[in-house]
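Take this structure first; my questions come after.
So that you can tell them apart, the chains are marked A, B, C, D and E in the order they are listed, and the count of residues begins at 1 in each.
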Amino acid sequence: GNNGNSSANNGGNSSTNSEAGNGGSDSGRTGDQAKLVIANSADIESFDPHNNNNTYSESVIINVFEYLVKNGENQEKVPGLATEWEMVDDTTWRFKLREGVTFHNGDPFTAADVKFSFERVAKDSSLKQNSYFKHITEVKIVNDYEVEFITEYPDPILLNRLSKMGAGILPAKYIEENGIESFLKNPIGTGPYKFSSWTKDDRVVLVKNESYYGDAPQWEEVTFRMIPEAATRVSELLTGGVDIITGVPVTDIERINGGEATKIEAATIQRVLHLLMRMTEGTVTADPLVREAIELAIDKQAIIDSIAGGMGTVTRTSVTPGNFGADPGLYETSLFDADKAKQLLQDAGYTNGGPEVTLSASTVYKEIAEVVAAMLTGVGFQVNLDILEPSKFTETYNSKGFKELFILGVGNSLFDASNNYNRFLLENAAGETDYNNPEVEELLQAALSNMNPEERAKQYQQVQQHIANDRPTIYLYQMQGVYGVNKRINFAPRLDEMFILDDIKLAN
Amino acid sequence: MKPLLEVKALTKQYPLPRKGFRKESGAVQAVSGVDLAVMPGETLGIVGESGCGKSTLGLMIARLLEPTAGQVLFEGKDLLKVEGDELRKARRDLQFVFQDPYSSLNPRMKVSEIIAEPMQIHGLYKGVELTKEVSRLLQAVGLSQQQGDRYPHEFSGGQRQRIGIARALSLNPKLIICDEPISALDVSIQAQILNLLKDLQAEYKLTYMFISHGLPSIRFISDRIAVMYLGRIVEIATKQQIFSSVKHPYTEALLQAVPIPDPSLRKKERIILRGELPNPANPPKGCAFHTRCPYATERCQQEQPQLIEVEAGHYAACHYPLDKRKEEGH
Amino acid sequence: MGQYLVRMLLQVVPVMFLISIIVFVLVHVTGDPVNLMLPETATEEDREILRAALGLDQPLYQQYFVYIKNVLQGDFGNSFHYGEPALPLVLERLPATFELAAVAMLIGIVIAVPCGMISAVKRNTVLDVIISFLSVIGKAMPNFWMGIMLILLFSVSLGLFPVSGRGGVEHIVLPAFTIGIGLAAQMTRLIRSNMLEILSQDYIRTARSKGLREVLVVGRHAFRNGLIPVVTIMSLQFTSLIGGTLVTETVFAWPGLGQLLVTSVNMRDMAVVQAAVFIIALVVIVCNMLTDVVYRYLDPRIKYN
Amino acid sequence: MSHLLEVNHLQTHFKTPDGILRAVNGVSFTVDAGETLAIVGESGSGKSVTSMSILGLVSDPGKVVGGEILFEGKNLLRLTKKEYRNMRGKAISVIFQEPMTSLNPIFTVGFQISEVLRTHYKLNRKAAKQRAIEMLDTVGIANAEKVYARYPHQLSGGMRQRVMIAIALVCQPKLLIADEPTTALDVTIQAQILELIQKLAKEQNTGVILITHDLGVVAEMADKVAVMYGGEIVEHASVEQIFHRPSHPYTQGLLASLPKIHEDEQRLYSLPGTVPNLLESSEGCTFAPRCKFASEACLQSKPRLALQGEQHWVSCLKAEEVRG
Amino acid sequence: MEQQIKKRKTTLWSLLWNSKLGSLGAIIVLFVVLVAIFAPWIAPYDPAALDPIKRLKPPFWMEGSLPEHLLGTDNLGRDILSRLIYGSRVSLIVGVGAVLVSGLVGTLLGLLAGYYGKWSNILIMRTADAFHAIPSLLLMLVMLAVVGPGLTTLIFVIGLTNWVSYARVVRGEVLSIKERDFVRAARAAGASNARMLFKHILPNIMSTFIVLSGMNVATTILMESSLSFLGLGIKPPDVSWGTMLSDGKQYIATSWWVSTFPGLAITITVLGVIFLGDWLRDVLDPRMKAND
């Protein structure tokens, strides 16, 4: 299983949705034009891009470490530390590196750094990003500014991988001289902002990299504050303590929009809420009628309108627009029909009292789970709600321990359908949904190493149709990132939830 | 006749507290090497200065306090060696009346429960019989049956003391140790209790150890009297001997200090003991009383006197017992 | 002093061992850190490799021996989560935690002492009922409620204090009050019940017979006598605060030990949990010792026990 | 000449759930400067409550409900709280019944003595200490300077008792109330303390109210004696008259109950019957149920304290008969 | 005399009646208990019936309120009044149950440590230290893993994390009580250790127990909500005041009523418990009866 899934499978990783908190005040800051304070709901895990697995971390350290390839506005791949690239053969890629780039300590950036970085993440299996890169068998130095990547098998989404966190380029010489531990205390990259300080569970401070090769960075100092409580984040924003907050609860939108100096910015993000169903022999959800009844019982739009405050889009696929392989036909549709759902249950043989199902969710999605449970109960299901603390949820999830139903928020940092649908590969589905459709298996396997984009897109579109019919998973809706922003700032939220600091500008 | 109770070299040290972080700084020698014997049916009165170890001695005999050293032979059996059930059985025959009547009664138990408890413990009576026995005991100490329904705090000091006595009597013990059972009472009630104890003794052949400051009461109730000073017995004899031919200067001082309830006999000059009160944690060398003794000599400061038989049955721990001293012309 | 320390140590060392074993077992019972460290796409093989790399494939007792051997050499191991040595991670949180706990304690005492005394002196009057009511509110309203309310009132509406974060003196006021109010509530009740007992003691009558003003009778003669159980509870409360101010830390984004501890427990971050518990246990024990000292100071009789 | 202290018809009642408890029920007596009045009586007859009433320290369910307490002609019951406070410890002081519990365990005895001085004379720390040490010396405590810094539990019972006395006397009160100052002490120490009180009283012309059960002590110390029974004074006379011509049956009973130090007796006299219930106000004489002289009349009407000879007040219808 | 005894028998009730606060406490507690018992008959709605469209409606006196929801609705449009009524059930059971468990365990261990002293003291008090130092979250997670969720688990988990304070305080009390003469007197009568502990010492620490427990009811009711958060406690659609409070957490700024009403419910209940406890303490203490 070497498919690349950047998943945000639970609240620990989700920067959106209605979870707790906000707030923040940094009294020293106000009035300083060249300083920016952003409040996130969780701390970064570390400054090691290879050993990090959540969106918060990436949204911060993306300003310090750079990738060979970057995502453009429409997720097209644009030059980063590599200026050009070509596929030599199915398993070999050649990259030309940018010259004249230096790390924050002044060391020049060369092919050695690329080799060092990728061999590290590909070989060290204790790193959290390892599984996305371990099929890279070798990085060959052609010359100081040219490298070749050799992969174990053809990888159609290598470029996507190279534009995500695990592909961050580290300074080879610095780390070899000082060791990784001291590097992590004083990390350096090539990015527009330099590490200044990190107080865990409190704040990360970045400062301008004066010798950045690109356009001069515009902020003198940027502070990422960690404020877990949503109410606090909102209060900080309202009192001018911070400039941007993430994860605004929908109930606070009005308050922020009504504030003299504050506004709401919202944008669709990559995260789609899944309701996964176990199809294992013997479970009630093995019956397709039951699964269909479940989908029909859920009024997705009502959930969006109430719990999500209108911030969301109903969908029957998780490959949303902007991702490779999207099927627009399954987007913005929903099949709510409670009466039919009841009928289906009757047809399935549940004449008095519907089937009993257990619905698990992390506390992050508690409200949604409760509403879904109520909707299911409404058509006759007997629902046991099982709300788990996020890490317990993750643990159960990773050990595939859920019963009939569970809710999962899944992101997609690879911008590729494979990220979402590889979960239905036989090998991956085993023990989780136990989905088993030979046709789908065949399509997915083929797409894995299909280097022909058009064909590959088709394959995924077919898969989506199958899944929409077979319903090993029901997609509830695509979520939105809701940010509170001080009016002195212009900030356009991104699909990938990153804070690209130089795209955040002072409003004038 | 064999003594009912025999005490041999009984000693108690209370460890002194640490001061701040320093280590243990010695001990209070509350009782040091006391020897006693009490015959069945006899009353032994114990008098002595406040803090000289009377209560400690009594508590150790009843095994309510662990002695540091020594032996307590009750009916020939070493009480200090028995444990557990055997000890609990032994306690049936040896009861204690506490100095402070109030604190010795559980404030949350009714008086009838308090009196019934020992009998319940030893399974002597049950049900109606128990109730009957309780009311019999209440009446014996001059309380009414109805009063059994009240709590200790609802009684006057004298009544509480009687409750303690009733409790001690409930097991029909052989020996009762009374620790100042009457000190806080008015004389009329004192008289009542003293009479009661005497009556009971006559009826049940009880043996008493009677600790008190009130010398007249001691004289009334006791057969023999032991005088204690700083953890030791300094004089022990029959009451006649004590009151007619006192041997120890401390006993003499005690007797002289007793105020006489007759204003016309008012003393012009009291004989008052002067001098430093000895510190039990750091007792003076030689005779403990020498600091206050009007007759003390060099020898008294150096050498500790032993308790010796001065006359038949009259023991005193003094280098210069009074009669002898007079004879010798000191 | 030396003797005392030695005696304490003789008790401390086994306690620490006991704690380390309990925590070790507990953390292992709660789950497998590997499941939390790797993405869900990781294969069983990946997990095995990681387990081996972390030494988690060894039998539990062996892991414990390795662990304890390292601890004895001053090495608490590395955090799974942060990839850094565990002990410094814990130590770096202590100042924030202590600061908050101490100020909260102080606020608690400053509120509780007069309230408790007034409550006792004016027993069963309207004032007593009001104080009881307020202290129950202080106890029954959870810290997050209290904290957010304080923020809304004092930061958002009045603009008096910063909303969150750790910084200057002004930053600690609201979080410390949030905790302090809860502490005060419990202490007030305790002081009240103690004072009731003490006020009926004979020496209070003696103090009055000297012609002392009532304030002195209560404040000097009664109060200090009633402090012993209060100090017991205070030290219990204080030590609880060292690891247990999570909610307040969360509300005020206060980078204390509570957050670290919870993250670590949730992540099954063995080394950090162990190091944190080790530190907390030390604080508990040191606090108990200090409490003893305070006892002696408060009550000279204590020596006799 | 007016008396130092004049108590007229003092009534102190306790409100209990069972009813009103008349702990002190119409008590009157006087004390002159330099004079010692002993109060004796049944345990629970209201002796301590009487003294608390004089000090205005009756504890909570209790209240002075009637009568007057004239101290140097001023009615104490009319004083403001502050005036009363200034009186306490300075003009009137008290030695409490329980020496063991009446000292605050957590302050040094020195502090507790000098506290009075600092309160009433606004002495500074040093001066107060000086004076306190002198006082400790006066009450016969050797090594006063060291003892000054000790805590109560570090002293013997006798020493504690003397510290209490030092506190009571340090401001040279005009009236000293000593409530059973020697109950827990052996006779040698008792003698020491009594002598001390007597000496200080004579030297400073202090009026003393001495409450005790020990009739021996009364005989030694008192000028006048008041005998209390059931919340009332039943006899009040000079010490000689009380001991030699007791005119109330209760007084007689008390004296008769005394064990004799110089004789061996087989049985002691003791009053029959039980303590009266202070909750019920009886029509007649409170002692009547236990009185061998009682007649119908005694049960019907309450006797009042009446003069039966020079300064000899008796509250008995049959005083003449009793005296025989 | 006869009369007096009769009067005594009735005093318990008359005492309660005479104590204003005691009767207020009794009325509050009785009220809450009745509400809990008769919840299905009193509650206007099914506490789990949700209607997301009607979410976060304020109580009746505020603008925008719905007349059918007196105290407004919560984040999922459930009727707060009905939830308060039903929530009393779990909260009461947990509050009282956990206090009893921790009280019993702590008191028992405190008794043993104080009474026997020596090694049992060291053992128990050091264990208490250990329990105190180990984060309760960890203990809870373990219980969750070992025992599995449920109301009983919940009660025991809370009980097991709260016993330390009882043990400490009780031990201190025992140390002083066991030196009292009446304990010696019982020993002199030949009482067994069990009798000494439970008949003589225990009743005399009841007042401490009551004072500690009153406030602990509040603590445990609140703890229940954090345990529910860990998945250890009750699960929706079951409701408790604690879970209501934490559900309302993120709406404090915008919809105060969601969390404030359950908070008030806890406050008032605990106040009732405390008043009743104060009274009970006085009644249990025969000495106090006289001076109330």
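The rule is simple: a residue touches a chain if its C-beta (ideal position, glycine included) is under 8 Å from a C-beta of that chain, and two chains touch if they have at least 3 such contacts.
Treat the numbers as computed from the prediction; the structure is a model and nothing was measured.
Least step count on the touch graph, chain B to chain D: 1. Between the contact lists of chain A and chain E, the overlap consists of C. Chain pair with the larger contact count among A-C and C-D is A-C, by C-beta pairs in contact. Chain A and chain B have Cα centroids lying 87 Å from one another. Each chain gets one centre point, the mean of its Cα atoms, and the points for chain B and chain E are 49 Å apart.
Centre-to-centre, using mean CA coordinates, chain C is 53 Å away from chain D.
Taken residue by residue, chain A touches two or more other chains at 20-21, 231, 235, 389, 392, whereas all remaining positions touch fewer.
Under the contact definition stated at the top, not a single residue of chain D touches 2 or more other chains.
Touching two or more other chains at once are residues 4, 141, 144, 249, 252-253, 290 of chain E.
Chain E contributes residues 20-21, 122, 126-127, 129-130, 132-139, 141-142, 144-146, 164-165, 168-169, 172, 175, 207, 211, 214-215, 218-219, 221-222, 225-226, 245-246, 249, 252-253, 259-260, 263, 266-267, 270-271, 274-275 to its touches with chain C in the complex.
Touching chain E in their complex are the following residues of chain A: 18-21, 230-231, 234-235, 249, 251-252, 254-255, 302-303, 305-307, 363, 366-367, 370-371, 373-374, 384-389, 392. Listed in rising order, the residues of chain D touching chain B in the complex are 40-44, 142, 156-159, 183-192, 194-195, 213-220, 222, 239-240, 243-244, 253-255, 257-262, 264-271, 274-275.
Interface residues of chain E facing chain A in the complex, by the touch rule stated above, are 48, 50, 52-53, 55-56, 75-77, 141, 144, 229-231, 235-237, 249-255.
Interface residues of chain C, counted against chain A in their complex, comprise 31-32, 35-43, 46, 49-50, 53-54, 81-84, 89, 92-93, 144, 148, 151-152, 155-156, 159, 162-168, 170-171, 249-253, 255-256, 259-260, 263, 266-268.
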